[in-house]
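Next come the structures, one after another.
Each of the next two complexes has chain A plus one more chain, namely chain B in the first and chain C in the second.
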Partner chain A sequence: MSTLTKAPSKNKMLLENIKRSSNFSVGGVIILLMVILWVMKPDFFSQANFNVIAKIVSITALVGLSQMIILAGGGMNVSVGAIGGLVGIVTGGMMDVLGFPVVIAIVVGLATGMLCGVINGLIIAKSGSSGVSSFLTTLATASVFTGLNLGITKATPFYNLPETFKYIGSGSILSIPILLWVMLIVIVIFGMGFKYTSLGRQILAVGGNVKAAELSGILVGRITVISHLLSGLVAGIAAVLLVARLGSAQPDVGSDWMLFSFAAPLIGGTRLAGGKINATGTVLGAIVLVLISNGMVHLNIDVYWMNLIQGLIILAAVAIDRIRTINAERMGVRKSEY
Partner chain B sequence: MGRKLINDLIKKDIASVTIAVFVISILLTMVTEGFTSAFNLDSLGRTIAITAIVGFSQLMVLSIGQFNLALGSMAGVTGMFTAALMEKYAIPVLLALIIGALIGMILGYIQGLLIVKTGINPFIITLSLASIYLGIATVATKSEMYSNLPAGFRAIGKASVFHVPILFLITLGVAVILSVFMYRLPIGRQILATGASERAAYFSGIKTSGIILTAHSISGLLAGMAGILQVARLGSAQLSVGQDWMLVSFAAPVLGATILSGGKVSVSGAILGAMLMSIMINGLVLLNINSNWFQAFLGVMLLAAFQVDRLRLSFVMQKKI
Partner chain C sequence: MNIEEIKMNEERIALELKNITKIFPGVKALSNVSLKMREGEVHALMGENGAGKSTLIRILSGVHAQDEGTVSVFGEQVHFNNPREAFFKGINVVHQERNLVPTFSVAENILLEKISEKAISLIDREKIFQEAQEFMNMVGLDISPRQRVENLSAGQKQMIEIAKALSSRAKIILLDEPTASLSLKEADALLAIIRQLKKQGVSFLYVSHKLEEVFQIADMVTVLRDGQNAGPEKTIKELDRSKLIEMMVGRTQNIKKLEIRNLRKEAVLEVNDLSSKKSPMKNSFKLYKGEILGWYGLVGAGRTELAKALIGAEASIAGEVLLNGKMVKIRSVAEAIKKARMVYVTENRQEEGLFLSHSITRNVAASMWKKICNRFFMLDLEEEKKVAEYYKQKLEIRTPSIEQLVANLSGGNKQKVCIAKGLSVKPEILIFDEPTVGIDIKTKSEIHDLISNLAYEGISIIVISSDMPEIVQLVDRILVFKNGQICGELQNCKDYDPMSRNIMDHIFSKI
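After this line comes the complex of A and B, so read on.
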């Protein structure tokens, strides 16, 4: 009897939770965007366009994830794009100029990304792991990484990439692009990692309150270095996928990542101040961003509007985040989160 | 001994950057051929002048412990707008300059208003405004370029008085006004107090929201000025004006003894910081180093500047204790 009376209330609570979650509202926005695009351009949902969108979403989501890992710990990483650019060039150069096999080139590329992350992490940890120092440090290292990239390449792309490598960008498994598979696997790993591993919880604890984390015995400096290493790795994966998709390693890979690296996680419900993340939300945020930009192309809207609209979207995203926080504070939900 | 020397230099605040400027200038004079040529010094003077104003613009918001990432876009918008006023609408140069400066100020004011009213993280606001402002300029001009600017306007960027570029004199004038504003007027002290501790300032009866608005408005005004002067120097207005200023805007004030966390600024230090950055880049050009490496170099410089900032801060802390 008691189970019978409990069951509906439990369901109701679940429903209530779903309604309140950011994924619900972002999902609604995605459906709305799709309907609008479908009404205005019926061929928007062709298999070809689906593949294009899926690939761009995959890369955008990984770029967002790279930023989300740092946001989780209360920092910022404005060098995500610069790391991506350097990884793309190293991977491409290894194959084109030095003739290394695909696997080794990718491994060295990703190792470069991790190394860049460790450099960021070490400098930031040394100057106190605060949000301000992470912003300024990565601003400076971004310039160093981009400079190395341009110095190595003399600003010319690597074109002669092996077919097997390009296949990563063009191939499909079970009629789903390989890029999408890779993204899903990485997102699941990190989503689970933040939920169930002590490392993930520690990063979130640092983001929630550095002082409290330090006092409860978390080595904040070590956590900073590890989270930047992971961020560099994910930025590297995004870059390798992008180079595979483009079929050439351009030095300007990543140069336009800064804005949507913040936008994707923030739209998806990750808190800018740290301590709260949403990996699924980051994918949903990436879908929103790509639908809007891809939709604009389909609707023949001038590319001149791109910057303006992207800026407005991210401002809207943080405004919503802000309202959400205020509401949560009012309802006392925020207390229970910690 | 080495430690003591470092501490002594830090104690003198801008001594370190002054010494660096001298040492590097002497080195470049010995190593390269053209460094002291009239042509090079003239062009260097103009670069320093504009870099210094860019540094002032960032210094204004650093003084309250915030950043202005939209500074480059503000400069671009203002430069384009002023050029359009003169070229398309044939508005007299002086009037166009005044309107342009006002536009820069308004862009800064909007930024301050959003920060004060919404409570959203200032970093994200200035980041998205950078994109929005550039977007507005792109949409309004369709990436057009304005290159038929009046000769009177271009003279600002080209002419010299007694071999000193007018641009440099303008920068000195701005520096004097800014120094008086920051160090002599009550509002300047209030800005610095807000930067040192917003809470403490608020409880001592300072209207901190008004102070934040003022700091961002002046930052916008200075960014706009830098944009207009850069257009005058180049002789044409294009959207790329200001797009690569972010790094130097931080480096110039921080190298020159301004503290990142707010509450302490040095106007003359920012000029010296701008000098150091400009001379070093000039040196790289004279040494025939591929320009692709410049960006890496700038990044290392900025990192070094932050380390100096950190040393300085820990020194200040020690002294207080």
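After this line comes the complex of A and C, so read on.
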């Protein structure tokens, strides 16, 4: 931010920058949505409603984060939901069928998510770490993971989960749901990670320009594997939280994640082409998505129209991404007159 | 040719350029260039790398628009906004890089423009094959029009390009290095076809680095030097080899002369029979401590490919690399930096040198992140800033702040950021690939000063350059590259005339 300190009129520039930031505009959208929902439903700001929304936002934000990690490196991961489904089933099955303690079930579940990510990463790295190869690879592995999931469960859920595990989904600390705490901690860790660690920088560099990253001595293949491992881990965390919230491990966990996973980071200012992320924005994006679907419920919109509306939201997110990119390029022209 | 034909040729000017000037940001690529080509003439356009030939061709083919001057085709003044307009005025370019669709048949490629003319129309395949056959006969292509292009030889592909040009009834064909990838036999066949088409009134603008060919085929010669006409056009009979080379090379004035150094004592790097997939010829050379070694060659002579094999960006398939006498295996750029302290500064800044959407700081630090983080993997952001600030000062990167996005910098400053990124790892061997291409004169001399200072500090440097004055002025020793192989080694006497002649002789020698 040293641009600010050196610029002639500090306050004006600061204001300009805040106005220009995507968090500012997305925040505005959130406030607008909240006002609309409040008008429709006067008890919108009740503690009970807050808890419901906060829990859904937590999971949606983590799903978005899982995708954001891959978008940062210039790839795509369409297997986020499939990994989530598999992790949910493994965790639930460990406790219900095999009777393992909660902690071990969670650890094994998350390890499954990371393993899925490593498999994705290795295949993509071998096929050149390009955006296209990441799309096709994860499209294929998504089918493999889902197949494993349904093969193991025969599509029947695991209901007998320990109360301690379910408490993760229902309990609160300082009257804030545990789910929200977990999400905030994970988001902060990854947000800081991208800003302050060598690994985060290297992922962004690969997303910014693969060839330049390679010629700068960054091991592109290794970075691809690690970022998919992390993506799998975060998808796994989201799945564990979702299973805890629902109180049962449904095989269809994650089946509706794909669109959200792209929409949340894109709305929040992460660039589709890679190299630029916004972790806070991903949370804000998730809030927008959840408020919209919440609003649709209150408006009694038929469930069958949901697909259509979700599709439109994604298209809007892609359009916003384009507009931001073009604006950034325009600004570039202006700035280069220095 | 009978007298009548000659008369007709004299009367009809196929193409006339008057006072063409083209300015790119920071560089005047062409300045007042004029050229006159008669109908049915083969007009050679000669000049060193960077003399402005490519820019001129791009203007003629509608890729760029000139800033000043006029282009006339058969007496009619024209202005092209895009390649399509040039195409419909009967100007057709046969590029150095092929513009064929490999998965299409020969016939479909030849008639591609025609097929794509109407978006919705049924394609009568039989008719296409017949029609294509006609043009294939004209260029003497003896293959089936149904064959897929990807399996053909370079020569056959070249002929398809020419057939394609003919199919559009092109009256003017621009040939950019048409024989660069052809065998001798194929090249002869091509020249024969040009001679034949010439009689039918087709005019050729012929760009080639092969002097023998030019003397065989050309009627007239226009030479460009530093973006200007190097003297009036000449008929080929007025010229001989040495006169032509002299026109191309010229005399450059006011070059700061660096001392002549002979540093062949302590070999830092010794490369034996190195080859890779993209650089299949085995090459050997030595690099001495503190020396600047120049790699000269025409564009495409295989210098970048060898450099990339050396730094591990392309996997090497044979050969050994000795560093201070010890064998090292370099399998990735990361290893080149770590094991050999060897850094490559690319010629292709935009595409493989920089992270355009990131700040200067992040670009400069990209190669050193692994080194400046503590045991909790957290980066030392102060150090990162300090390094970026240091190189901003040292290389005089002109920017209001090191947080500026690199996309917003000028070409020269972008190059400085690229160099800073390389220097940030404290290299002992530096490879500069075309360090000053597309860069304004002031920054160019700054970069030259920087390179010679680095060499005085004891860093061993390879400068890959297609810029003759740069090579002669800057380096201590020269390796000449031709067709992927080192074909000569010269001690640089830093005297422009004899040196440039000597280098050119190596390149144009037939063996």
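The criterion applied here is as follows: the second predicted complex is superposed on the first by the 324 of 338 C-alpha atoms of A that agree within 3 Å, B and C clash if a C-alpha of one lies under 4 Å from a C-alpha of the other, contacts with A are read in each partner's own complex, and residues count from 1 in each chain.
Everything that follows uses one rule, which is that a residue touches a chain if its C-beta (ideal position, glycine included) is under 8 Å from a C-beta of that chain, and two chains touch if they have at least 3 such contacts.
All values derive from a computational prediction rather than experimental measurement.
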Q: Would you mind checking which one, chain B or chain C, touches more residues on chain A?
A: B
Q) With the two structures laid over each other on chain A, which partner does A:76 touch: chain B (first), chain C (second), both, or neither? A) first
**Q.** Partner chain in contact with A:217 - chain B first, chain C second, else both or neither
**A.** second
Q) For A:201, is the partner it touches chain B (first), chain C (second), both, or none of the two (neither)? A) second
Q. For A:322, is the partner it touches chain B (first), chain C (second), both, or none of the two (neither)?
A. first
**Q.** Which superposed partner A:314 touches (first chain B, second chain C, both, neither)
**A.** first
Q: Could you say whether A:143 touches chain B, chain C, both of them, or neither, answering first, second, both or neither?
A: first
Q | Overlapping contact positions on chain A, where the chain C interface meets the chain B interface | A | none
(Q) Considering only the defined contacts, which chain A positions touch chain C in the complex? (A) 1-3, 6-7, 196-199, 201-202, 204-205, 208-209, 211-219, 271, 275-276, 328-329, 332, 335-336, 338
Q | chain A to chain B touching residues, read off their complex | A | 76, 123, 127, 132-133, 135-137, 139-148, 150-151, 153-155, 258-259, 262, 266, 272-273, 302, 304-312, 314-315, 318-319, 321-322
Q.
Under the definition above, what is the set of chain B residues touching chain A in their complex?
A. 67, 118-121, 123-125, 127-136, 138-139, 142-143, 246-247, 250, 260-261, 290, 292-300, 302-303, 306, 310
Q: Within their complex, state which residues of chain C touch chain A.
A: 311, 313, 332-334, 336-338, 344, 346, 351-358, 362, 365-367, 369-370, 372-373, 377-379, 381, 385, 398-405, 407-410, 421, 425
